[in-house]
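Input: structures, listed below.
The same chain A turns up in both complexes below, where it pairs with chain B and then with chain C.
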Partner chain A sequence: MSDQRSVLTGEHFVNGDWACAEGGLAAGCKFFAGYPITPATEIAERMSKRLPEVGGVFIQMEDEIASMNAILGASWGGSKSMTSTSGPGFSLMMENFGLGIMTETPCVLVNVQRGGPSTGLPTLVGQADMMQARWGSHGDYEVIALAPQSPQECFDLTIEAFNLSESYRIPVLVMSDEVVGHMTEKVVVPKPEDIHLVPRRKPSVPPEEFKAFQPREDLVPEMCTAGEGYYVHVTGLTHNERGYPVVTAEAQDRLVRRLVDKIRLNADRIIRVQEENLADADVIVVSYGISARTAKSAVAMARAKGYRVGFLRLITIWPFPEKRIRELARKVSAFVVPEINFGQIAREVERCAGGRARTIAVTHAGGAIHHPGKVLSVIEEAIRVKSGSGLVEETLVLR
Partner chain B sequence: MARTEVRVSGFGGQGIILSGYIIGKAAAIFDKKNATMTQAYGPESRGGACSAQVVISEEEINDPEVSAPSVVVAMSQEAFTTFTKDLDPGCTILIDEDLVQPGASRDKLFAIPAMRLAEEMGKKVVANIIMLGFFAGKTDVVSREAMEQAIQSSVPARFAELNLQAFRRGYDLAVAAA
Partner chain C sequence: MGALIEDAVIDNETMVERFLRMDRLPHIWCPGCGIGTALRSTIEALADMDIPQEEFAVVSGIGCTARVAGYLKLDSFHTTHGRSIPFATGLKLANPKLKVFVFSGDGDLFAIGGNHFIHAARRNMDLKVICVNNFIYGMTGGQVGCTTPTHSKTSTSPYGNYEPPFNLCFLAAAAGAVYVARWTTFHVRQIKRSVQEAFAKRGFTFIEIISPCPTVFGSRNGFPTGLDMMKYFKANSLTVAGADPRDVEIEMGGKLKVGKFVDNERPSFQDRLSEMWGDLGLEESRIVEAE
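And then the complex of A and B:
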């Protein structure tokens, strides 16, 4: 349980970035390393003020490469740790994000997405890092990524991200965006005793028997902390259960298959979606983050007009809710997928629909959010044209 | 109450974003409604055009964008020109009469010399709070009590009394002129 100082119990009128920082603190985060970047700076700023108050450490690093490495080191040192960034910094963090995957290091990385590629739109919204979150580091692996749609969810999902990172020994991504990060709304912070926290699963055997990469039944190994008498070797190279490099196809298969399976086989436990009006739906709008809010306005307008439209919001983006989309594809004629990119999650939906239903990507280059009226017109088109399958793109202009 | 949209606009340094924040906080925390504030400003923190948008509703707020405001506060000529185009006829417009020349006469346009009144109080920085008092008196978007609580909890404690006086100055002018 977190202490009182770390949890600002009560009602606050604050932005999403503030809420990510306070969510981290409420989860017991005691170490933050980062480099300021719009629109994520407010997270680092808040942490720089708050961490010293709760006995934690804030370090402004020389860049994002070092920031990611520092939080991995802090995690092995026994701290819950966190960083935050946006587009260009996310690119720099990717190499060591992969190191975190390979070394199975729990920590949390918040990406407050802005328009890209490159420096793009520093002050304006984007959702175009969704595939970078999935595949941005080299090699093959599975990730966990969550997408908050409000400041309240920035708080709640940052806590959830810490819990998932401890449960599965993996760096977890919170994929926020500029509008959610800078939007100010009421955030309710519960009492410390009402916040569910997953503690680190420490070694259950004495040091001489301990293997830092020996999986338990759920494929996740226990984790020791530096300085407690447990010897451990931590490397990005393919390694055996003691952590020592073994550069063979057999060791690779054993390790990387487990890194993939520990997420795939636990996917049902990890995935969270919000579903509304799916029972009678002809068309389902699938969205996430800020786009899910404007999409929900459009769904309400469509239902007011008598159309049978359902709403599916992805709270967990990765692992992707494949099973659910496959089931729904048998019952509906189309999925409408608004997102602030050129169809990243829409392609996942299309893959899972497997030709049984059409997928209409409601695309947007970034810099603004979708207009609900435009999403409504795509829904109406989807209702009208029942035939066809595969991926169709409806490009949005600025609102 | 269905959805109500408010835009507060001016230039950086006038406390525009804080004004939007206080309206939103009054509605969300003290009037117990839902409120969403978003903001737009240029790369410069002082002098550039800026605006705060607040959506208030008793229902869930999905779309955070302001498209049909019921109230526009304009504290600069540029803001007035930009944000009073294509308004619904019922929209209330509040301006600082020394900073904005409205041109053609309009229904539901109300003016006070907020900046000048603030100077008379010896603190130019409270012009935005005087305007918030005027806003609270001229509209029924948020309650007076909620606004006072929001101000008190948003400014440094040693300036709370000054800000509350500024608020009441604007409020009294609004009520007297009604």
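And then the complex of A and C:
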């Protein structure tokens, strides 16, 4: 349980970035390393103020590469650790995000997305790092990424991200966006005793027997901390259960397959979605983050007009709720997917729909959120035109 | 030379077994390579200090030298190329009790990782950095680096290097390291002493160990064996204690100035942090037991 100082129990009127910071603190985060970048800077600023108050350490590093590495080091040093960034910094973190995946190091990385590519739109919204979150580091692996749609969820999902990172020994991504990060709303912070926290899985055997990469039944290994006499070896090289490098195809298969499976086989436990009006739905609007809010009003408008439209909000983006989309694809004629990119998640939906239902990407280059009226017009179009399958893109219509 | 080596070798399988992961031997280093010598002197220093073994942690980047982390029986972290220092920074700040040292190559610490080095030195982060400088990228087969002497040949400077190298000791001193020393792998006792002095200090310390790399550097530059290079070190090393770090650049064929160049005091990152916040209560907040 976190202590009183770390949990500002009560009602606050604050923005999403503030809430990410407070969520981290409530989860027991005691180390933050970061580098200023709009629109994520407020998280670092909040952490620099708050961490010393709760006995933690804030450090502003020389860049995001350093920040990512510092939080990995801090995690092995025994602190729950976190960083935050946006597009350009997210790119810089990718190599060592992979180090965190390979070394199974729990920590949390918040990306408050802005418009890209490159410097793009520093102060304006985007959701175009969703695939970078999935595949941005080299090699093959699975990730966990959550997408908050409100300041309240920034708080809640940052805690959840810490819990998932400890449960699965993996760096977890919180994929926020500029609008959610900068929007001010009510955030309710519960009492410390009402916040569920997943503790680190410490070794259950003495140091002589302990293997830091020996999976338990759920494929996740226990974790020791430096300084406790375990003499752990941690490497980004392909390694065996003891952590020692083994550069063979067999060792690679054993390790990487487990890293993938520990998420894939636990996907049902990890994935969270919000569903509304699916029972009679003919068209389902699938969305996440800030776009889910515009999508939801579009769905309400469509319902008011008597259309049988459902709403599926992805809270967990990765692992992707494949099973659920597959099931739903058998029942509906189309998915409408508004997001602030050119169809990154729509393509996932299309893949899972497998030709059984159409997928219509409601695209947006970034810099603003979708207008609900435009999403509504795509919904109406989806209802009118029943035929066809595969991915259709509705960008041009929407301009 | 004989006397130096004899001294260093007294005993001690026990010492070696205590500090090396014997189950990981044989190591990957080439015959004549100096990394083993640098490691040996470091182990002697660790063994002779009154610090419990579990309090040491070693962090390395990527390269031949960086493989040291995989052989040391300590909490050991073999990170990514150039990133040992920020990783070590997080490790140290999360658990200030740890004696964290970084053991890595010149390319790792000063080319790809150079920015982290100068900032850790500026912060006076409590890290002990040991750099094996073999004048080249060893692991990738001998490319020119930021420490390759002008005119030296490498696989990517086939006509001779047309860039000047970094003077690592000057760089470390200018960036704020409180302890800076340079030795060659010929100076096994001096390395040991420097490592101990570094661990005795608070703040950011830097030890450069010039090392033979007969396979990819020596073979192209007139030192086909490790011994040839050691003879060069022996004949040309000039100990200049307290030399102005500006004056210790390395030129192949010239004198190789070695010694302790900087040994001063200024508040470390941790000192300033505790000055402002007291002990931060970090001890209680660390994840020691499962809750």
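Simple rule for what comes next: the second predicted complex is superposed on the first by the 395 of 399 C-alpha atoms of A that agree within 3 Å, B and C clash if a C-alpha of one lies under 4 Å from a C-alpha of the other, contacts with A are read in each partner's own complex, and residues count from 1 in each chain.
Everything that follows uses one rule, which is that a contact is a pair of C-beta atoms (placed from the backbone, for glycine too) under 8 Å apart; a residue touches a chain by one contact, two chains touch by 3 or more.
Computed from a predicted structure; not experimentally measured.
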| item | value |
| --- | --- |
| Partner chain(s) touched by A:A133 [first = chain B, second = chain C, both, neither] | neither |
| Partner chain(s) touched by A:V332 [first = chain B, second = chain C, both, neither] | neither |
| Touched partner set for A:T123, first chain B, second chain C, both or neither | first |
| Partner touching more residues of chain A, whether chain B or chain C | C |
| First, second, both or neither for A:E62, with chain B first and chain C second | second |
| Which superposed partner A:T184 touches (first chain B, second chain C, both, neither) | first |
| Touching partner for A:A300 - first (chain B), second (chain C), both, neither | first |
| First, second, both or neither for A:I369, with chain B first and chain C second | first |
| Shared chain A surface residues [contacts with chain B and with chain C] | none |
| Complex contacts: residues of chain B adjacent to chain A | 21, 24-25, 28-29, 34-39, 43, 61-65 |
| Complex interface listing, chain C residues touching chain A | 21, 23-24, 53-55, 57, 59, 62, 69-70, 73-80, 83, 85-95, 97-98, 115-116, 119, 273, 276-277, 280-282, 284-291 |
| Contact footprint of chain B on chain A as seen in their complex | 11-13, 123, 179, 182-186, 290, 293-294, 296-297, 300, 369, 371-372, 399 |
| Footprint of chain C on chain A - complex, ascending | 1, 28, 30-31, 33, 52, 54-57, 59, 61-63, 65-81, 95-96, 99, 197, 199-202, 225-237, 244-245 |
